[in-house]
Structures are given as C-alpha cells and as structure tokens.
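What follows is chain A paired twice: with chain B in the first complex and chain C in the second.
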Partner chain A sequence: MSYIHVEGLCKSFGVRRKREKGALLRKKETVRALQNVSFDIERGGLVGCIGPNGAGKSTTVKVLSGILTPDEGTVTVGGRIPWKDRKQHVRRIGVVFGQRMQLWWDVPILDSYALLKDMYRLTDDAYQKRLAELTEALGLKDMLHTPLRQMSLGQRMRAELCGSLLHQPEILFLDEPTIGLDAVSKLALRDFLQWENREYRTTILLTTHDMEDIAALCSRVMVLGHGQKLYDGSLSELLSRYDTLRTITVHYDDVPGPIVFSDGPRVSRQGKTVQITCQTDQLDMNEMMPLLQRAGAVREMTIQPQNIDHLIAAMYREMDL
Partner chain B sequence: MNTIRLYCKSMAMLIRSQLQYPASFLLQTLAQLIMEGGELLAVILLVRRFDHLNQWTPGNLYFFFGLMSVSFYLTECFGRGITGAFPSMVRTGQLDTLLVRPRGVLTQALCTAADPRRIACIAVGLVSLFRGSVLSGISWSVPLLLLLAESIFCSFWLILGLFLIEAILCIYSVKSVELANTLTYGGRSACQYPVDTYPRPLRVLFTVAAPFALVMHIPAAFILGKPVWNLPAWAAYVTPLAGIVLFAVMYLLFQAAMRHYRSTGS
Partner chain C sequence: MKAYYAVFRLRRRMETQYRAAAVGGIVCQIFFGLVLIALYRALYEGRPQSMPFSSISTYVWLQQAFFRMLLASDAELMDKVRTGGIAYDLCRPVSLYGFYYARILAQKLMGSLLRAAPMLLFSALLPAGWGIAPPSSPAALLCSAGAWLIGLCCVSALENITMACTMRTLDPRGMQAMMNLLMMILAGNVLPLTLFPDSWQPVITALPYAQLLDAPIRLYTGEYALSRAGWIVLRQAGWTAVLTALGYVLWKRHQKRLVLQGG
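Showing the complex of A and B:
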C-alpha cells in the first residue's frame, strides 16, 4: 500500500447562520468541506494541491495531520490512522501553516528550538546535528539569538520551517508556505524544500495559490474544488488543456503600416509596438511572419503563452468553481 | 518526568519573554497589587465594623481570605494557559499548532502561557494568611502545615478544573462562554468568606458543585481549631481531595470534547 492512502474522505461542518428576523432559532447549515476525496502518495513524493479559497485544501491537510476527525473514509499515513493515534502520528510529521506562527514570539528562536527538542524527546546528538544542518541550509546561523518578533516575514518563515523539521519528519505538510514572501525568500524556500526532499526522501504535500511554487517544485498536482478532487496528474498536462492563447508582441523600428489578418487574430497597436492575440489553433507563423514584415522592419518579437494564473483562472471558470 | 521538565522550561521562557517589556511588567504588577490590596481592604473594613462573623474572628477571616488569594492566583499564574489563553486559542485556531505536536493538549496549553504579574496578588494573600494565623493564635505543627499545603495544592486543581468548564464549552461554541465565570470568579469572590455564612443554596453550590468548602474551608476551619459540621479530624485531610476528583472529571470531559474540535481559519 502506498505511503499516504486516502479513500472516500468526507468531512462536513455545521455552520450556524445569523438568526433571521422573527425566527426563534438560528438555522443550521451544513457545509460539505470534503466529498469523497481519494488519492495516494508514495514515499518521497512532492505533491502540490491547488484550488480556490474554500476548496477543502486546508481541511485535507488538517485531516492528514490528525487535527480533524473526518466523517467518513479511510486515511492511513505510513500505516497509521492520523486521528486515532495522534501522538504517535505527529511524531513523524512536520506541519507549517503559512499564516500561523508556531514558535514563541518574544524569545530567541534557539530557545524555541530547545523547547521543541524536549517536546519531541530528541537526543542531544540528533538535535545538535539536525539543527546545525538546518540552520546552514536555511541561512539562519546569524539569527539564532534573535527573537521571532524582530524578524522579517521571510526570515520568520525559514525559522518556522526549521522548527517543524527538527525532529526529522517523514512527511512535511505545508499550508501556503510562500504567502506574502518576496522573490528572494520564495526562491530560497523552494531550493530548500527540494534539497530536503532529495536528501531525506521527505514526502511533501503543499497547498498554495502560487502557481510558480507548483511549477518549480511539484511533479504532481491535485486540484480541489467544492470539496472534490477535480484533477490529479502532471502540471504540464493540466495546463495544456487550458493553454489556448498566444500573445505576439512585435516592436518595429518605425511606426508600422497596416496589418490585416483575414480572421481570428486580434491586433492592437500602440506607437511602434503591435500586439496580436490569437488562439493556438490559428497560430501559423509561416503565414504571419511575411505579413508582419511587410508592415515594417521588425526590431524584436516575443511569443508568449498566457500567464499561468490566467490558465488556472480559466480552469476554475470552466469547472464552475 | 520529561513533562515536568518541559513545563518548567516553558515557564522560565515565558517569564523571560514577559521581562522583555520590563516597564509594562512592573506597572501591571503594581496594578495587580492595588487591585488585590483593595479586596483585602474590604475585609479589613468589614472586621472593623463587626467584631465577628458567626463564630469567626477577624483573624480567622484574614486566614480564609489569604487561603483563597494564594490558591486562586497561584492557579492564574501557572495555569494561565487554561484560565485565560485557551478560549482565544480555540477562536484563532492556534489550537491546531498544539495538535500537531506529540504531547497532550492540556500539557501544551499550560506550557504556552504564564502570568507572573499575579505574584503581587499571591504576596497580598500570603500577608493576609500570615496575619490571620498570628491573630488567630494558631499553634503550627507539621501535620497542620502539611494540611495547609494540601489544601492549597488541591485548590489549584479545583480552580483549574472549574476553568476547564469554560474551555470545554468554548470547544463547542467557539466563542467564550461567560456563564462559566460564575463558578470561577464568582466562587473566588464568594468563598473568600467561610461558606457557613451563606444561605443554604449557596452552601450546597460551593460544597457539591464547586467544592470550595471541601477543599478550603473544612481544612482551614480545622487548622483554626474550629471544625465545622462536627467533622472528625481525619475528614479535614480527606475532603480537599475533592478538588483533584473534580479536575479528573473535567479532564475526561475535556478529552471527549476535543474529539469535537473543528478548527477555524484557512
């Protein structure tokens, strides 16, 4: 059986609506956060999970990490049922919540780590070795004596990551780890995750809204929406389904003459620059190049697929999310 | 053993982090001193006006007041994670971070908060306890001192157990429930005075439901040499255990309630 096995997972929450005028009792409404979700992840896999807000991503992570008990379905992680044997289970997992700090706010992070060492009952040797390794890889060496509150968001996220990996978990769950980070911090974080995954075969499941994270890290992506699994496979295959638009930008030496296509491609002009948008099935550079060159001397030209976020937005629209 | 070390280390760290803001710490401690000093003043004014309350002399009343102050604020100082921080941990979803660590939720909750400012209130309580014991002319012996320690120890668990009611309720309703405060803070205010000064319904409440009388008043009355309700001597040593029983019951209920925890936020 695979390392993480999820089958028929269902979880719903009762939400109390605001009391309506005249009504005596508040109405209770059931929100189905997860409906019959199944998937398997092998040891050492690096899987991304995307979906619009409220799709059930966090609920999935919470069930897998033993925080929530599902209503129905079987879940095993490394042969254990997360919510049945919570303490044994969480010993082997690391969880990072992008929007929730787990380290202590006012004390140097080294003190927080020392406390985590006791919490996980780590031996001195294992702790020192792992700490040295992680602080090196995450560039935290100079900050060990800095309190968390004095750190920037990027530093804080690295510190959090170090804290949740001290006990060398077999699985790492990341809930929106790159939220609010600048480009440098994001890149550093991704590099580190790849390193950890390669070095220790740590299984990583991350949820994110940042498609670049997925593109850079994950060989496999799952799309959740309305509590259901809508897609499970490679990112490139997913994108190719929705990748139907190309934008051609042409810079001319001078203001170009008229450019007329028979039908399809839309042309917009601004000074010496011309922008053409067309469907991929209408794209034929053999035909277009001569037309473009007839209008003037081409200085520079780029052909771009649509931004990955647009593709995902198109996908969500199509799936009615 | 490891758990106790973990708790001590956490406490040391929390106190250090409070001291990161020394001015604020000093001012708040001072405020606590004034607040609890005011409570003591109320007792002083009372005993000035009346020279006794039932069979209790002014010294006895100081003793009862001191016992409650020391017990209650020890609980608030070291049990802050349950007495104060827990509802907000549920509301903000911070409880999730406790659930992903291999320790009990209550252990960790206790490890996440401390309130060292309460030391001022504890000091006021100690002064009152000392003054009361001098005025009442208690002839201290080892068994009596042990009984006092037992009473304070069991009171700690009793009060923590009562605060657990609020924790349990807020797991279900997410929002903090003020109702539970009638037993905790209400119990503190009421049971600063010996329970036999109250009408019957309150006596029953504080003996059976929130057994402050069993945990504090019976042993205190015995120490003061005025056993209540004609109880034998050994009873004074046994009744405080009610506090631990109450905590144990609440602990089990809490564990059951945690299974209903539903988490909030993304």
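Showing the complex of A and C:
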C-alpha cells in the first residue's frame, strides 16, 4: 500500500448563520468541507494541492496530521491512522500552517526550538546538527536570540518553518508556507524543500495559492474544489488544457507600418511596440515572421504563454468554483 | 516528563519578562489590601468579631500577595483555542493535558512569587493592626507553604478544566467570567472565608475553592491547628486529584470533537 492512502474521506462542519430577519435565532447549516476525497501519495512524493478559498485544502491537511477526525473514510499515513494514535503519528510529521504561530511570541526563537527538542526527544547531537543545517538554509543565524515578536513577517515565517522541520519529519504538510515571504526567501525556501525532499526522501504535501511554488516544486498536483477532488495529475497536463493563448510582443526600431492578419490574431499597437494575441493553434511563426518583418525592422520579440494565475482562474471558472 | 518540565521552565521565564506589569500588579494589590483592611477596621470598631483582628489583616495580605495565582491570566493560551492556534499543539507528541497543565502551573507559580515577595515585605513593615502578623509557629509556616503548593496544583487543575470546556464553547469569556466570580468569592479574596457565618464554614471550607489559598492561610495564622494539618492537606490533595482527573477526561473527550476556527 502507498505511503499516504486516503479513501472516501468526508468531513462536514456545523455552521451557524444569522437569519435575514430576527436577531435571536440562528440557522444551523452543515458545510460539507470534504466529500469523498481519495488519493495516494508514495514515499518521497512532492505533491501540490490547489483550489480556491474554502475548497477543503486545509481540512485535508488537518485530517492527515491527526488534528481532525473525519466523519467517514479511511486514512493511513505510513500504516497508521492519524487520529487514532495521535502521539505516535505526530512524531513523524512536520506541519506548517502558514497563518498560525507555533513559536512563542515573547521569547527568543532559540528557546522555542529548545522546547521542541525536548518535546520530540531529540538527542543533543541530532538537534545541533539539524539546527545548524536549517539556520544556514533559512538564513536564521543572526536571529536565534531575537524574540519572535520583534521579527518581520518573512523572518517569522522562516523561523516557523525551521521549528516544523527540527525533528526531521518523514512527512511534511505545508499549508501556504510562502505567505509573506519576499522573492529571495521564497526561492531559498523552495530550494530548501527540494533539497530536503531529495536528501531525506521526505514526503511533502503542499497547499498554496502561489502557483509558482507549485510550478517550481511539484510534478504532481491535485485540484480541490467544493470539497471534491477535481484533478490529479501532472501540472503541465493540467495547464495544457487551459493554456490556449500566446502573446507575441514585438519592439520595432521605428513606428511600424500596418500589420494585417487574415483572421484570428488580435493586434494592438502602441508607438513602436506591437502586441499580438492568438490561440495556440493559430500560432505559426513561419507565416507570421515575414508579415511582422515587412512592417519594419524588428529589434526585439518575445512570445509568452499565459500567466499561470490566469490559467488557474480560467480553470476555476470552467469547473464552476 | 522532560518536555513538560521544558514548557514549565519556558513559561516561568516568560513571566519574568513582564516586569512593568508585575510592578503595576503589586501597586494595585497593595492598594486593595489597604482599602480592605481599612474597611474591616471600621467593621471591627462598630462591632468586634470573634476573630482577632491581626488574623484578618494577615488573611487579607496573604490573599492579595498571592492574588495572581487565582484568576486565569494566560491570555495567549485562551487565544490559542479561540483562534485555532491550538492546531500546532495538537501536532506535538505530548499529552495536551500535561502540556497545558505545566504551562498554567509555571505561570501561576512565577507570577505569584514575583509579586508576593515584595508585597509580603511591604506588609510586614506596616504598623500592627495594619500589616501581616508572623506565622503562629515555624511548623505552621512549613505546613502552610506545603499546602500552598498543593493549592497551586489545585488551581491549575481548575483552570485546565476551563480550558477543556473552552474547546467546546470556543470562546472562554463567559465561562471565565463565571469561574472568576466564583473564585473571587469562594476562595476568600473578596471577603475572608473566616468571616462567613459559622454555620457556613463546614460547606464553604469543603469546596475546592477553599483549598487554593484559604487552607494555606488558615494554617499560617493558626486558625487550623497543627494537629489538624494532616487532614487539611489530605482534603486539598483529594480535590486536586479529583479535579485533575476530571480535567483529563474532559480534555480527552473534547479533543476528539475539536473544531478549528479560522481556516
């Protein structure tokens, strides 16, 4: 059986809503956060999980990490049922909830780490080695004696990550780990996760809204929406379904002459720059190049696929999310 | 065990970081102590009570000095439940009951010791009839200190029950307000329990709240004779065991049905 096995997972929450009229009574509604979700992840897999807000991503992570008990379905992680033997289970997992804090607000982060060391019963050697490794990779060396409250959001995120990885978990659940990180930290974090995955065969399940995280890290991606699994497969295949537009930008030496295509591609001009948008099946550079060059001397040209966020938005629209 | 001690140590250290808050608390408690004693002096002038007045002023000062151990004051802990930050704590290979117990105990121990030391010193310097009287005997002091430690465990167990209930109600305020009110009255903080009518005494001293500070104080003043100390301490320990067990069971049950708020 695969390392993480999820079958027929269901979870619903009772939500109380105010009625339109009357302030006293509330309607009780059931929100089905997960409906019959199934998937498998092999040891050492790096899987991304995307979906709009409220799709059930975080709930999935919480069930897998043993915090929530599902209503129905079977889940095993490394042969154990997460919510049954919680203590045994959590020893092997690391979790990052991007919007919550695990480190102590008022004390230096090193003290929080020392507490984690005792909780996970790490030996001094293992702890020191791992701490050095992590502080190096996450750029935390100068901050170990700084209380969490005095850190910026990005620094705090890195400190939190370090805390989640100290006990060298076999499985890592990352719930929006790159919230608030600047470009440098984001890249460093991605490199680090890749390295961690390769070096220790750490299984990683990542939920995020940052498509670049997914594109950079995950070969496999799952799409959740309305509590259901809508797609499970490679990212490139998913994108190729929706990736239908190309934008060609041409910079001319001078204001170019008229450019006319028979039909299809749309042309917009602004001074010396021309932008052409067309469907991928209409894109034929053998035909287009001569036309573009007839209009003037081409200085520079780029062909861009659609922005990945637009693709995902198009996909959510089509899936009616 | 090491993990629980580690969290105890860390929380204890954290408590020492809020020095300005401690000073503020001391000033406030000294003020309350003086006002209460002035009040009881007026009462005694009108109609002298059976208790010697020095016991009353001693009672008031001890209550005020260790005030910090009574009320729930770890806002961070409550916020964890309210906002779902408890999610991280559930991902630790430790017993949540023990983990939170250690945290609460550390905060109460350090918080009250930090404030008690200067306050006891201050009240000892006050003139007779206003200040704190010495313990009735060295043995009474020793018994009282031991009883205080048990009371500390008892109040931590009580607070952990509130925590467990908060996991169901998801908002600590209502429950806490009620518990605080009960605590203030039944632990003897508003009115020394010794001043309640005699017919009430058997009931009121048997309640868990009386085990927190009232029992140690009465051992200190000699209200409880040393010969009865064994029984007093046994009653304290009994309540502590019951409350700890109850809290533990509630934690186990509520943990399973937990809802995490805020995504």
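Before moving on, here are some points about what is shown:
In this section, the second predicted complex is superposed on the first by the 315 of 321 C-alpha atoms of A that agree within 3 Å, B and C clash if a C-alpha of one lies under 4 Å from a C-alpha of the other, contacts with A are read in each partner's own complex, and residues count from 1 in each chain.
One rule holds in what follows: a contact is a pair of C-beta atoms (placed from the backbone, for glycine too) under 8 Å apart; a residue touches a chain by one contact, two chains touch by 3 or more.
The structure presented is a predicted model; accordingly, all values stated were derived computationally and were not measured.
Bringing the complexes onto one copy of chain A puts chain B in a clash with chain C. Of the two partner chains placed by the overlay, neither chain B nor chain C lies in contact with A:263. Within the superposed three-chain model, A:284 lies out of touch with both chain B and chain C [touch as defined at top]. Residue contacts after overlaying the shared chain place A:320 against neither chain B nor chain C.
In the superposed pair of complexes, A:121 makes contact with chain B and with chain C alike.
Across the two superposed structures, the residue set of chain A contacted by chain B and also by chain C is 13, 58, 62, 65-69, 86-88, 90-91, 93, 95, 97, 99-102, 104-107, 111, 114-115, 118-121.
Chain contact summary for the complex, chain C toward chain A: residues 2-3, 5-7, 10, 13-14, 17, 76, 83-85, 87-88, 90-95, 256-260, 262-263. Here chain B touches chain A in the complex through residues 2, 5-6, 9-10, 13, 16-18, 20, 93-94, 96-97, 99-104, 108, 259, 261-263, 265-266, going by the rule given at the top.
Of all residues in chain A, only 13, 53, 58, 62, 65-69, 86-88, 90-91, 93, 95, 97, 99-102, 104-107, 111, 114-115, 118-121, 147, 175-176 touch chain B in the complex they form. Taken together, the chain A residues at the contact with chain C in this complex read 13, 58, 62, 65-69, 83, 86-88, 90-91, 93, 95, 97, 99-102, 104-107, 111-112, 114-115, 118-121.
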